[in-house]
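Presented sequentially are two complexes of subunit A, the first with subunit B as partner and the second with subunit C.
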Partner chain A sequence: MTNTSTLSRGGGRSSDPGPRRPRPPRKAGGLPAWSIPYVLLIPGLLVIGALLLYPLIQMAIIAFQKVGLVQISGKKPATWVGLDNFTSFVDNDIFWSSLRNTVVFAVIAVPLTLVLGTAVGVLLHRLGKKMSLFVIIGIMFAWAVPPVAQGVIWRWLFDAEAGIVNWALNLLPDWLSTALFGRADWTGEPWLNDAWSIYMVLVICVVWAGFPFVAVSVLAGLKGVPAELYEAARVDGAAPWRTFWKITFPLLKPVFAVLTVLSIIWDFKVFSQLYVLAGTSNREAYNLSMYAVTEAFKAPPKMGSGAAIALVLTVILLIVTAAYIRQMFKQEDT
Partner chain B sequence: MTPLARKRLDKVTLNTLGVLVFVVATFPVYWMVSTAFKANDQIFTTDFIPFPTHFTFEHVQRVLSEGVAGHSIWLYMRNSAIVALGTILIGAVFALLSATAVARFRFKGRTPFLALLLVVQMIPAEALVIPLFLSVKRLGLYDQLLGLIVTQVALTLPFGIWMLRTFVAAVPKSLEEAAWIDGAGRFTTFWKVLFPLVAPGLVATSIFSFITAWNELIMSLYLISDPTKYTMPVALQYFFGQKGTDWGAIMASSTMMTIPVVIFFLVVQRRMVSGLVAGAVKG
Partner chain C sequence: MLVYQHRSALTISLVRTVGRHPGRENPVRIAKITATTVTTAALALGLAACGSGETPESSPSAAAAGGPKYAGKTLTFWRLGDSNPDAQKYTDELVAEFEKQTGAKVKVEWIPWPQVNDKFTAAAAGGAGPDVTEIGNDQVPLWQSQEALEPITDIVASGDQAQIPKNLMGLETIDGETYAVPWGGGSRAVLYRADWFKELKIEVPKSWDELVAAAKKIQAEKGSDVDGFAFNGGSDANHLLGALAWTAGGEYAVKEGDKWVGKLTEPGFKTGFAQYTGLVTDGLSSKSRLNQNTTEIRTRFSNNKVGMYLTAAWDLASIEEESKGKLKGDKLAFFPLPSQAGGEAQSFLGGNDIAVWGTAKEKEAAKEFVKLASGKEWGVKYATDGGLLPVYPEALAKLAEDPVQAPFAAAFAKAKAFPADPQWTEANETKAVLQNAARKVIEGKESADEALAAANKELEDILNAS
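Coming up: the complex of A and B.
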């Protein structure tokens, strides 16, 4: 009777379609189907709620309170001061110079980053394959440098004594340097003392680190534009400048819109680079970010006042973000 | 000029511009690295010394042994690595769950959730650090790397979900349906079908979060005061508080901090770009 086992193994199982019955989709782990996305979202929502939204609300509340050392240690509850934290801004020079620095910096750095990045993106598109990859890897280096290290690098390049920028300016013929800047000897020029020159260095630093992202995004956008369009423009004898404004720009408008808003948001919040370039002792060089945290954490801490400054910054960013979201959902096709 | 000659000239101009862009982008980085290996008499000079003629490891050795703020740079590198790795381990799980929800299901509240992801990315860390400092203090997480990890997860998660959902959406739904018909359960389908296909996207997203956490300064600056818990960005800026700026040591340290990020960038170069652009531009 050696046959029986073979028969039962070969014949019995495989001809039976039993185990292939599809599972009813309604029951999975005992959860109704409609609830599954919500269950999946729970951890993410908890993190966002507890660590981003709740602190955001708290920050808005603290902005109307006095929170000093005794309140931080929990010996006394925070006291309500109404609008005092905000009204004190009115005749506070540092607040106004921080606001001005924040806005002026963004107004200069954002267009520069976008224009340079777009130009490099168009260049990358027109370069040969190997050359394009070579340049992309090059700009990746600038993009990859951590913000703190960016600050460190540019602080070194603009160093008063041994910085390479002063060395380069000394190379200019004396008559030219004198005619342009009124001086011939640049050794010892302290670039990181005055607010205006600190911000000049900051603009260079942020544009240098920020243009690669724009360039690579524009390149990705350009790759989606049908080559025939450029072919047609060339046949019609259109100048490159015209081709850019008539073909590239309208087609990449959504890309530019998002890049602009992202750059505005990033540049309004710039912190690490400024912290390294200027330090906390030069109050004239504060922007809103720096002013908010130094006000809140320097001795003696004034958390309420810091939160009020941070709230001003947040409201500005919220307005910009509203524009960003409108653009994002215009493109949303899923 | 003949059209051919003109074309060649164009090519020369374009390639020259390309080289110029390359030099502008890389020179500051090169200058940091070369300064790290120059002897002090070649650093503190008003002359231009294009590369270290007396190549030296003295600065690297010094930051590894003496370091800054009384501890070796290794300690700060380790702290930063712990924070960044902890952030991506927790963040990856959370991001994958949320990304699956928004990419695979149509449900009430999906669009508001997507909008929420964008809004919370705007919140400046400078605004969060004040209330988080108070909470962290109350919870006994002040001066703890765990406290930093928790805040970094929060800072990186919204973008992580946003980026990862495009990778989840790219996996054809028919694959899951096939597994479904073959009798696989929800969990098996997720683990055996969706997960392996999304894994490359998860790596790219995690690398992005790693870099964000590795670079972050504000939280580390104000949620940590114990020098043994400093992260690299805090240690790096600490150099400037000292008397006389030791540029060799600073450049050696910032080079060490930059290397992992550059490696990650080059490794995931293509995916990084497509992921960022897909996540940030195409939606």
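Coming up: the complex of A and C.
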């Protein structure tokens, strides 16, 4: 050990009298040097394998089987049903409306989160130190609220009778309310009955909780852009809009790429907030996650069919994410 | 990646002047670091969210110390519904008696009705389950089909239990084996605020029109946020819809040969369905609470927000507790749900059973417990203490003399049951077929004919699925 450290520190000018043999630089426990990174990866891989890969593979298998409680408890073996779980979706209205809800929600919520988050991030960058810190702490509270609590908060705000939203809308002058919405009386407006209004509340809820993360990430990226670039832009007389698209956006592209992928993943599989806002009895408001859960775990459980829905959701996510990443790399090559 | 960043920075015309600045590598590197950090943090959060676990419950199993038969053993007993003082007292006494007789301890857990199927599901999938459980009689076919119940035919064949009429065991007997013992019958009637009726000089409704008029009068006097007659669109919505539809001569489905044939599109069912959705479209119950079940309605009733709703006597004790003792005694009363033409409506033949769970650890002791609980002494006491109808004929005959219980006894005589099929729970709660049909009609998206035609097909598909 001493020998090694002397070697590395002293380089070739070691005063060690012994014969010097060439040996790999960092040798520990008799393992060849090339293997060390892999050995260090093993614990992590084991954890991921046990917690993620194994359940994932199980889910994929179950999706092609008929599995209920009798099979889970081991009284009867699970039977293979081929593609039955999937073909049953074809004429299933609940599946198609869930798929539509999932996709439309993500298409609306992802851009909204990113745009709002970026705007706030740019704003934070321009604010003074104290003000910026104050705003960051403020918005991080929204990000820190657990999903179920987010659902509860917005469900209460949009409550038909005790909700603050209906109260506030009623405070508007009648002529303004009529001009904007075509009605003046909002007493008892049930926001959480119809699928479209449930999803409107859900978009607000998810964007509200998701944008602070985007804002702070963008801010971190902006801190790394040297001020000289902006000075130069100002000298050349570029408008803020042009500065954003010519300097900020290209330099922060990797940040945006990661944020977009993460937002897509999060918004496609949103569950807790929807569960709290809509409950399980309104099946027109299901998204794929909700539908998978009710199929798989509500009596009588049909875990095969639930797994099939989850698999469909996973495949959609993989395709969307892969397509997006491919697009990114394509742009880089040009 | 690095090459790209390099070039993209250079291609920006505006920044070309500073392109040679020594610090130009910085933004790129920091942006990359940020990106990596963001990803790592996000993954870590995702993993942390999955990391919550359950602590398995360890049941102490001390060695039998001689003496009573099951000394040292512990049974888990699931009681369904919300614990209220009467039910708690009965359960405590029953458990104490069982311990005295056999030496076994009994751990009681209360499961609220809306969670019952989820809890059974978890238990049947291998989670912590009971040894003995109370169970709704319409749930028995489902859980029998999931092989979650132990056959207890020998218990009902002898002793007190042999006196229970066999026609009360239609849902419990499957292929010649009995899987649960009827414990108490529960038909439903309308619970109303007798004090409000008195104050507003409303007569007890004898027909549906009078009920509607009474509900409107309550709303006019007590505020528009009060439900005159509460609409039930939750997990037990069919208790209300069923009562209305059966009274009008309708049926859900009838078994013809070995196939279920849906009857939702026939005139009788349509009439009941129109009355049901009319509760909301006529404004008797608010449009903002289409999902509420009996438990939620009861909570609102306890808070003076409901004038009438369909339920059974077991709610009285919980209402007294929830209203902090304000609503009790002569402030509350029942009347039988009136039919459209006048006369009593047909009620849902509900009832609670007691059964041995299939994976019970102490099967013998569990059977012993069921035998004691459903015997004449404790079975009749269960029903009378809990506001249900006893399943033993002589005890039931006595009830017709009790003014509180008379409406139920009357309804019990005419009660009907839901389709006896393991898939009924799927249609009733999970897919909520009729709740969703009603929602579409109430929101004006479909006519009643369209919604019922679609629901009829779905109901047939579900009931005939294997």
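Here is the rule we go by: the second predicted complex is superposed on the first by the 276 of 334 C-alpha atoms of A that agree within 3 Å, B and C clash if a C-alpha of one lies under 4 Å from a C-alpha of the other, contacts with A are read in each partner's own complex, and residues count from 1 in each chain.
By our rule, a contact is a pair of C-beta atoms (placed from the backbone, for glycine too) under 8 Å apart; a residue touches a chain by one contact, two chains touch by 3 or more.
In this text, all values refer to a predicted model and were calculated from it rather than measured experimentally.
Within the superposed three-chain model, A:Val165 lies out of touch with both subunit B and subunit C [touch as defined at top].
Shared-chain residue A:Leu56: touches subunit B; no touch with subunit C. In the overlay built on the shared chain, the residue A:Pro43 is in contact with subunit B alone; subunit C does not reach it. Comparing subunit C and subunit B on the residues of subunit A they touch gives the larger count to B.
By the touch criterion defined above, A:Gly138 lies against subunit B but remains apart from subunit C after alignment on the C-alpha atoms of chain A. Shared-chain residue A:Val120: touches subunit B; no touch with subunit C.
By the touch criterion defined above, A:Lys298 lies against subunit C but remains apart from subunit B after alignment on the C-alpha atoms of chain A.
Touch criterion met: A:Val276 reaches subunit B, while subunit C stays clear of it. Of the two partner chains placed around the shared chain by superposition, subunit B and subunit C are both touched by A:Val255.
After overlaying the two complexes on the shared chain, residue contacts for A:Leu313 are found with subunit B alone; subunit C is out of touch. Touched by subunit B in one complex and by subunit C in the other are residues 51, 72, 159, 161, 217, 220-221, 254-255, 258-259, 262, 279, 297, 332 of subunit A.
By the touch criterion given at the top, residues 19-23, 25, 28-29, 34, 36-38, 40-41, 43-45, 47-48, 51-56, 58-59, 62, 67, 72, 74, 120, 123-124, 126-128, 131-132, 134-149, 151-157, 159, 161-162, 164, 166-167, 170, 187, 208, 212-213, 216-217, 220-221, 254-255, 258-259, 262, 265, 268-269, 271-272, 275-276, 279, 288-289, 292-293, 296-297, 303, 306-307, 310-311, 313-314, 317-318, 320-321, 324-325, 328-329, 331-334 of subunit A touch subunit B in their complex. On the side of subunit C, the complex with subunit A involves touching residues 1, 4-5, 8-9, 12-15, 17-18, 21, 23-24, 26-32, 34-35, 37-39, 42, 47, 50, 117-118, 120-121, 124-126, 142, 145-148, 224-225, 233-235, 286-291, 359, 422-423, 425-426, 429-432, 435-436, 439, 443. The part of subunit A that touches subunit C in the complex is made up of residues 51, 68-70, 72-73, 75, 159-161, 188-190, 192-194, 217, 220-221, 223-226, 228-229, 232-233, 236, 238, 243, 246-247, 250-255, 257-259, 262, 279, 281-284, 294, 297-301, 332.
Residue ranges on subunit B touching subunit A, taken from their complex, read 14-15, 17-18, 21-26, 28-29, 31-32, 35, 43-48, 93-95, 97-98, 100-102, 104-105, 107, 110-111, 113-120, 122-135, 137-138, 150-151, 153-154, 157-158, 161, 169, 180-183, 185-187, 211, 214-215, 217-218, 221-222, 232-233, 236-237, 240, 247, 250-251, 254, 257-258, 261-262, 264-266, 269, 273-274, 276-277, 280-283.
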